[in-house]
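Across the two complexes that follow, subunit A remains constant while its partner is subunit B and subsequently subunit C.
Here is the complex of A and B:
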């Protein structure tokens, strides 16, 4: 491919922000294309604007934030954005005091040990002067506060209980949903133990678009907005999703261009596309649409979902398990069904 | 016998775990398209054949869902996609968006 062909193939397309040749596209290749510098800037801007629009850090007393890193491209991107924002000396410096939480979901001992070793290497590369903790999602099984230690993977002693609970759930769709709820419960437990009221998660647009459709199928359509937008206020802590406007595609290209792709932690996870669950169907549905070049599906789903609010739970009553607003009972109907499919093991949380 | 050209093939974002080395300098037939390169990768570079579906589709006519292809750091969506003709010295990059977590 020489430069002459390049221009011809591009059909004269220039970056939408400057006059340079376009090299990368946004989510929809027909809508916007950028040169390398403007692409990087566009991705950074989406992260910063998600935080600034909601004025999350206007209160000087509450800047402590738990930043979750799960080894994924989105997690590595989030860590690097925080690292970069803290290094700025101008008005662009992000006023946040981060504590990094490496969230582990693999259950094999050797894999967990590999994560601990990898984290030791990563700590030398970025966010050197902040606290790092490693915790397994099984920390969700604690009902009291968790005593976190800095040098090991916390919560591994609860893995048998955690896997027993998930295995007791007889319906694959409910099992996947329970996994999601337990992940949030784990974050809430750890935030509470560390007395940090804000928690940033690396949920990107692709994850959240799928989640929106899953939640519609699970009957939580009325509470979609807080589940897929930047902030999700719970009684005692705030979930923040600063990369909710960025697709996996944008994040992966950015990571490649900025050499962040070396900071992933590779887990040997099993694909869930063969599961007979609503979540697997949703994933397959979106993949098919994207393969057929309906690139804006996720954006359309998210923009619609962000406008859907529950009007029944205005008195602040929430489901004790999933925290969506409910009208007049402690457990939403979906969580009641999950409880019934778990042969009694879930009752400890209710 | 047709002549060959030198190209560099780079695997990133987790795709490197499916092949012998992250960056590989190889010779491919002259006037190959990106589609021909996919078949070359399947036949010559992939070592983890059980997980080849994470990189290429069944007949290696396209990349798997979630894999981005770049030629000289330019998205192939802005070129002629799979019909883009590869030239000597080009770098073809496969970026996986789904590995890592």
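Here is the complex of A and C:
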């Protein structure tokens, strides 16, 4: 990536922190600009403050955390932040005991083998002293605990069942939503099997902003807050999103500056770009707004989502499939619609 | 030779044998013209019943309105129908009149129009309202921005340019409808907001971060805490179904988009909602459902409702938005009330500090009159608002 991509329209700007010549900015070029050192520090601070504000690691007994790596720039960034935080010898050391989970979503055997080989290389570069597991999202199909092995991609035997379930869903919007739900279910299954109650996912602000709008269009407006903010607490499982305040742009700049961009795993997926789904429309909508220079859209959506909650939620009752708060039944209305569009294959989870 | 397929039979529950001509956007059912109209009217009546706009009891075949324990509308009370001449308000006026006759609501329905002063748009659409007045035999009252505020939208656009026009128009129209309803002695106001509008509003409030409005924007009745509650009987009706209903019943309406609207931010949300309806129609109702489920967390600070120091209209600030916008227009500071800038903040502080005693006196003050550059203009605005006794 060329550094000039990030340094357009400088116009003699100064760093807002140290008065050096500014080179980089976050999402909105009308707002703060930073020099290289201050930009790196700003990004790191956003990661640390997301964790410290919620006091997630206050409890000394529950420091074991599953850190998810999906090969994306955000995933690589998260791994590096954890690696960096563990190497600190001062009070800045993050009190976390990580277990890395490489989450694979491709279904071709050769691609999966390539991922396993790439992970072996990565293990030598960072977090070498922690446990690493590779698992396919098809682990979501297990109803009992998963026996995880360290040297292979776990859950590949469930890929046919997984793809059958997804292809049985006749509505593209619900198929994509089901994919998201199964990914979370997979993480929950693996965490439970490893007896780890905390799970860090590399969901950045852009992903979460889009997710917020998608969920709004799926009728889950009241449950936006747990779906897109730092923590999503469930009965025996805590989903943590430590990079929820960082945009893809900020992460890409940081990765470029710190040479993390060599630690990505490029998946060769066959995504259908012609898919007529709510998720595809949301993506196009956000892109249009950004092209029209409405840079703060994502930030505003996430800020709004963090301030609202569900009017219906009573006694902590939750949907058995997606875990959003529900008033008086086991399935939320969106999951009921997903079930109806899945020709019965989803019933195993209900 | 393969037999050519004809239209499918009408899917009405009443066993109609006519060929289906219309696909209802809301649920995809295929219906013939008369069954579609009946189904649409039943939908609106059901919305009124289920949301307790009227207290009803069920009487074997049809609902009969019982006004003994009426929660929203009372028998004999005057209800203003916000009429712009567009498809939504034309259908609303027609449906309300039809349901009023069929179910004997016993309401005194009156049309209320606001003339924003947009040449080539509003003057033409008011002709459509005039036709409605004659056809539906409903009295019509027209109030203009010029009479109320001393500014037409054409004047405003000439002053501020083609950006933020909808901010001015939306704020002024809301107040103007309330003032008009008071003028004609109505105690309730019904508007033609449809499901697409509601979905768009939910989305807009999320995009703007307006959590206070997000919490209440999907309420079918708003303003119950004030003197003039508003209701949206077409809340669950899809825009496409409204158009089809108007066509089926040969209703005449004005269908040109406002000439100042294309530059609005809302346009992006509108396009998104329209695309959603094509790809996943249920998303419209799901967006409304999302809005209905939203509640603001306790720890979030919310604005409290007060009355405007100038005109007595409800507001969360010292001055209502309309007064603030007029102040900006009259003083040449057109950013006032539109965007946060140091200059506009300074002006607000000055207004609040120096001009508390001024104003037209209607409800404690008058919109913009106190800040008008020309003293004669102040007097005129003051007199206009006094006449309305708001």
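Here, the second predicted complex is superposed on the first by the 334 of 350 C-alpha atoms of A that agree within 3 Å, B and C clash if a C-alpha of one lies under 4 Å from a C-alpha of the other, contacts with A are read in each partner's own complex, and residues count from 1 in each chain.
Everything below uses one rule, namely that contacts are C-beta pairs under 8 Å (C-beta built on N, C-alpha and C of every residue); 3 or more make two chains touch, one makes a residue touch a chain.
Computed from a prediction, not measured in an experiment: that's the story for all the values here.
Colleague: Evaluate whether subunit B and subunit C can sit on subunit A together after superposition, giving fit or clash.
Modeller: With subunit A as the common anchor, subunit B and subunit C both fit in the superposed model.
Colleague: Would you sort A:127 into first (subunit B), second (subunit C), both or neither based on which partner it touches?
Modeller: Neither partner.
Colleague: One more residue to check, A:104. First (subunit B), second (subunit C), both or neither?
Modeller: Neither: A:104 stays clear of subunit B and subunit C.
Colleague: By the touch definition at the top of the document, which applies to A:112: first (subunit B), second (subunit C), both, or neither?
Modeller: The answer is neither, since A:112 touches no partner chain.
Colleague: With both complexes superposed on chain A, which partner does A:196 reach: first (subunit B), second (subunit C), both or neither?
Modeller: neither
Colleague: Output check: A:304 vs subunit B and subunit C. Expected answer is one of first, second, both, neither. What do you get?
Modeller: Only subunit C is touched by A:304; subunit B is not.
Colleague: In the overlay, answer first, second, both or neither for which of subunit B and subunit C A:256 touches.
Modeller: first
Colleague: Could you give the angle made at the Cα centre of subunit A by the lines to the Cα centres of subunit B and subunit C, to the nearest 10°?
Modeller: 90
Colleague: Using the superposition on chain A described above, determine whether A:71 touches subunit B (first), subunit C (second), both, or neither.
Modeller: A:71 sits against subunit B, while subunit C stays out of touch.
Colleague: Just to confirm the value: shortest Cα separation between subunit B and subunit C in the superposed three-chain model, in whole Å.
Modeller: Here the least C-alpha separation of subunit B and subunit C stands at 18 Å.
Colleague: Could you tell me which stretches of subunit A are touched by subunit B in one complex and by subunit C in the other?
Modeller: In the superposed arrangement, which is not itself an observed complex, subunit A uses no residue for both subunit B and subunit C.
Colleague: For subunit A, which residues count as touching subunit B in their complex?
Modeller: 1-2, 5-6, 9-10, 13, 22-25, 29, 33, 36, 70-76, 248-249, 251-253, 255-257, 261, 264-267, 269, 287, 290-291
Colleague: Per the contact definition, I'd like the list of subunit C residues that touch subunit A in the complex.
Modeller: 202-203, 205-209, 211, 214-215, 265, 268, 272, 275-276, 279-280, 282-283, 285-287, 289-297, 300
Colleague: Sort out for me which residues of subunit B touch subunit A in the complex.
Modeller: 12-14, 17, 65-66, 68, 70-75, 77-80, 84-87, 90, 93, 95-101
Colleague: Report the residues of subunit A in contact with subunit C in the complex, numbered from low to high.
Modeller: These residues of subunit A touch subunit C: 171, 173, 212-213, 215-223, 225, 276-278, 281-282, 285, 288-289, 292, 294, 297, 300-301, 303-305, 307-312, 333-334, 337.
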